[in-house]
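Two complexes follow with subunit A in common, the first pairing it with subunit B and the second with subunit C.
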Partner chain A sequence: MKTGISVFLASFFALGASWFGMVYGSIHQLGSAKETVILQSSDNWPQQRTGEATLGLQVYRANGCAACHTEQVRQTGVADEISLTSLGKYSAGDFKDFMKSIMIAPELLNVSNNIIGGLETWDGKLPRTIYSGQDSAVVASLGDKLKAAGVKADARVVATGSDIWRGWGMRQSVAADYLYDVPVQLGSLRAGPDLSMIGVRAPDVNWQLKHLYAPRSVVSHSTMPAFRFLFHVRKIGAQPSPDALVLPKDFAPADGMEVVPTTEARELAAYLLSLKANQPLYEAPFTPAAAK
Partner chain B sequence: MSDEIKSSGNPPDAEPTATRSAAPLWIIVVTLLLIFFGGHYLDTHGGLFDARVYAPYNSPETLEAMQPQTGAAAVAAHGKKVYEAVCGVCHGVDGAGKPGQAPPLAGSEWVNAKGMNRLTHIPLEGLNGTIKVEGKDWSLNMAAMGAALPDADLAAVLTYVRTSWGNKSSEVTPEDVKKVRDAIGGHAQPMTGDEMMKMPE
Partner chain C sequence: MNVTENNEKKSAAAIADLSEIDASCRVPLLALFGGAAVWLVLGLLLGLAASMSFHMPDMFANCSCLNYGHAQAASNDLLLYGFAIPASLGVLLWVFARLSQAPLALPIVTFAGANFWHLGVLLGTAGILMGHSTGYPWLEYPRVAAVLLFAAFMLIAVSAAATMGFRNERDLYPSHWFLFAALLWFAWTYSSANLFLISAHPPRGVVQAIINWWFANNLLFVFLSLTGIGMAFYFLPKLAGKPLAGTGYAMFAFLTLIVFGTWMGIPRSAPVPAWLPATSTYAGMLSLLPVFAIVIVSVRTLSGSGFSISGGPFSFIKFGTLSFIVSALLYISEFCPRHSLVTDFTWYNFAVSQWQILGFVGMTAIGAIYYILPRMMGKGLPFPSLAKASFFLFFAPGVLLLAVPLVIGGIAQGFKLADANVAFADASAAALFWFRISTLGQALLLLGAVSLLLNILALTIHWKVGLLKTGIAAVKAPLPPRRDQGEARS
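Right after this comes the complex of A and B.
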């Protein structure tokens, strides 16, 4: 073959370039990933799971949960929001006039129609978001002017996107979230909701166990199959088990029987409760809700 | 690039052979355009290959700009903004000053004084005449640039000046500024360096 050397070089270069980009590049970028710091806090993220929850990841994997559930929240944007908390000396009507009077500032001209229009239908209820967008000059200028007039307002950074609006996350998922997941259960299909922060959305272990045994006993429109083989249905002995599930009538076992979770069910529930990716991080910032 | 099958001149049962010919110009142009587009796309979407930059952020700077700020960080950011709008024109955004016009603030003994009394008087009343900064005489004519700023803004600026460019002095609170402003009352007028030296620090 006369052109053997060029065929070899061309294929070597093509394969080498894709190896360099897809393997070496990823390892170089994320291979040494470490815990990251939660914003406005001294805690690290993520935290190592308990042993039970670590075993639960294998139960999650073995039962194919990732076939219908994802653990990845998508975010399409980020917005600076200004939200009124107190009008100070103004009534709602006066406040609208005041807003019109400050809109002549050059940096506010572009957004003035939006802000004034948004206030037209406002009934004076607080808190009220008056601006949401990316322009930090608008936020700074509005913030200064409101402050000078004695109006109290919060400036917040919020993540936006359909997953965020559904309440599945406060921010997008980032590489650090999966630091202790082996293997990572990203999932690609959402027959069920995203589970990135199910441990925050449903923090009750009994709810999780009931949901695994009989999904429709807690969520009437659920399409999830029941994972009954993770539970023992057995005759009540001398004493009813303290771990037996308390189920509504339609889902309860026959009289004299009780439903007790197996070790796997407990591990899986512990794993689900450990999914709490709702912290603001440097790489996915938002303003945390004020501590109450 | 494109191979031509040549059979003429060979016996009918001989292997056809590939010969070389020049690559068409349009392939070269399209390839260069694709490389240009790819480079541009990486520039605008790649986040400089920083592992912490995810979409929708497209550079470390845009990510940094969206970090929520509270407390000291928010004051520093606000002070920087006001400084650059009001003071930076003469004193420079890096605090290095302007020769013959505005003395440096970085490392200045006036800025880094233990107390903030004299420092706060300068933007509130202005300065006229000669003062010594870092061993050099400056003949100045500074207006009361800070008199119109709210206490919180002036405090943020002074804090920014006292904690930036290598300066490591204490912070100035809005209450400190209010005290000085009340002490001046209605008779603010540009001071000279000698008058300043008579005041407590």
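Right after this comes the complex of A and C.
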């Protein structure tokens, strides 16, 4: 480092390497990514948003929603689960005895205490998960034995982790989820909950609008700032607007006034409803709940 | 080059004396420092407004421009682009001029650059507040502002490179490596990230986030470390009264910082191909090397000089160096897989970035500014005791009260978030208490920023009034032949 040129060259190659690897490399690897196929389905993922929801992403960006909300779900792993849906000829008590009788199988010995212990306090309510863990041999063996005895059970693959248990997602977020987002709004702070699946968790557009206008009118302990500037508070005309929000008394405007969402508020709500990252994919598999 | 040859060259070249060098920096540096102080005040004000959202959520419900998402982004960018970068660029120019033993080259270009820079910050901040943020963290400024910032940076960098190129003292000093590399770092990463992301056709999907993370890491960790340590390595020996100890360690720190530090940035749980976060984790472990080397250099340089804290410029620089060590370790911890499962998505990461910007580079630059100002202007600070008191009363406790509670609160929040049996509201509430303490730190820092601004402003006004007086005196000065004619006419 005796001359400026040597300092320049050292810096140039050091930064150039990381630019080449991380910027160019990731563009090369992912820059031409295409839609993927949803597992056990012929549909593609992700689906292009509606026009209104696409505009809503820009409202989301402009208001810096990503400062407090993430759109990425983490998972720690996957578990194989088996849950009972029908006991067939058994009563709950008989079933417990039956379970004890099949636990002598060598592949079940390790988990027998766990399973039998878990069933001890069970009152016979269905569906009931009897095993959840990493061992797919246990699930296969239990499945065979239960089927032979005429007991109906579902074997499922589920993602694990606190984000999943909180109901924020069915699986971890993957690169494909963001294919159509410009800008991608991953967020880095959870001052508010994750929104990857908010369109599934709160699918009512009126709830979304009310929550934007007065967060504490629908979630009493919310710390979200109100976005009243996305709404018009105006005098009721000849007829009340059909779009006016129906608010609880404490949050309602003065008599003779109504709260009507602006176009921006509608677009933002449409965008939030479009966030539905709950499809099983090759890189993040899980067994979707059967339609009931 | 041996010593005698060096000395001959020195005596042969017309070596400018110190006051001449300092005077050459006066106009451009005053523009950089004054603007930086204004943006620091404004950035902290906006940060305070943003924090208020967590005290009174409906405070700005009818005001789109001060709502949390706007105010927080504007505050972050003001503290980084408005304050930390121009302040440290000003110090960089002065350090280059002093080390070169030559006056600042192209001062007009720097002056123009400083003003373009501040114009860019103004436009960018207005853009964010009006909802034209680009939506990429640390790159929120809209295109116009980004172009201006880049152009302004290049002007300043040209002047800095010219000052370094035309140096009378040919030997390079460790500060040269760090500061010169920082110039390249910002120019490359800022232009590259903006060209990719703030264009009509950004890359598809999550690649945007990867480029964003790469940029944020190179800016917040590598660039800030290069500038901050570059400054510290110039001032620490002055403080200790002996040369920088362990130049070999300094070289090691420089090389490992630029080679390994630049590969961090991708969080463990990011929805990207696994090689990216894995690379960042390994790079994070290797980035401990420069931190340790810098600890060795700093401790060796300072050893024997005592550890008195007088509140003067050097107290700021000592605090800044210590903050580098703490904030760098905390930053690297964000890329430890187990640890980041807890701290990601909490206030922890925000606390670390504030510590890096305000506690490390900010404090080092403020110390340097307080050291440079009296020398550059040829007169003492107008409120020296305010400057001293501001360290004890505002800056040091402000940084600690801002960052430490958020680190603790972030960890508390993280553990509760990771436990699915704790309701989300309870996890947020766990952090809220700590967050509210940090608002106090912000308020203290704001007072400190005001005291910095007062000093710079009073000094500037004093200087301008002095200039005006000299000008008026020159105009009023009797011109013998003319006076004779005048008298004859009247």
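Worth pointing out:
As a convention for this text, the second predicted complex is superposed on the first by the 269 of 292 C-alpha atoms of A that agree within 3 Å, B and C clash if a C-alpha of one lies under 4 Å from a C-alpha of the other, contacts with A are read in each partner's own complex, and residues count from 1 in each chain.
The definition used in the following text is that contacts are C-beta pairs under 8 Å (C-beta built on N, C-alpha and C of every residue); 3 or more make two chains touch, one makes a residue touch a chain.
Keep in mind that this is a model prediction, so the values were computed, not measured.
Look at A:Ser101: by the touch rule set out above, it reaches neither subunit B nor subunit C. Residue contacts after overlaying the shared chain place A:Thr262 against neither subunit B nor subunit C. Contacts of A:Asn114 after superposition: neither subunit B nor subunit C is touched.
Once the two complexes are overlaid on the shared chain, A:Ser41 sits clear of subunit B and of subunit C alike.
Residue contacts after overlaying the shared chain place A:Ala140 against subunit B, while subunit C stays out of touching range.
In the superposition on chain A, A:Pro183 makes contact with subunit C only, not with subunit B. By the document's definition of touching, of the two partners only subunit B reaches A:Pro285; subunit C does not. By the touch criterion defined above, A:Met224 reaches subunit C but does not reach subunit B. Touch criterion not met for A:Thr85: it reaches neither subunit B nor subunit C. The larger set of touched subunit A residues comes from C, when the choice is between subunit B and subunit C.
In the superposition on chain A, subunit A positions 2-3, 29-30, 33, 76, 172, 174-175 are in contact with subunit B in one complex as well as with subunit C in the other. Contact residues of subunit A toward subunit C in the complex are 1-4, 7-8, 10-12, 14-15, 17-19, 21-23, 26-27, 29-33, 61-68, 70, 72, 74, 76, 162, 165-166, 172-193, 215-216, 221-229. By the touch rule above, subunit C contacts subunit A in their complex via residues 53-54, 57-64, 67-70, 72-73, 131-137, 161, 164-165, 171-172, 176-177, 180-181, 184-185, 188-189, 192, 196-197, 202-211, 214, 218, 251, 254-255, 258-259, 262-263, 265-267, 269-273, 276, 279, 341, 344-347, 349-350, 417-420, 424-425, 428-429, 431-432. The touching residues of subunit B, when paired with subunit A in their complex, are 18, 49, 51-54, 56-57, 63, 65-68, 70, 78, 81, 150, 152.
Subunit A meets subunit B in the complex at residues 2-3, 25, 29-30, 33, 39-40, 75-78, 80, 136, 140, 147-148, 156-157, 172, 174-175, 280, 282-288.
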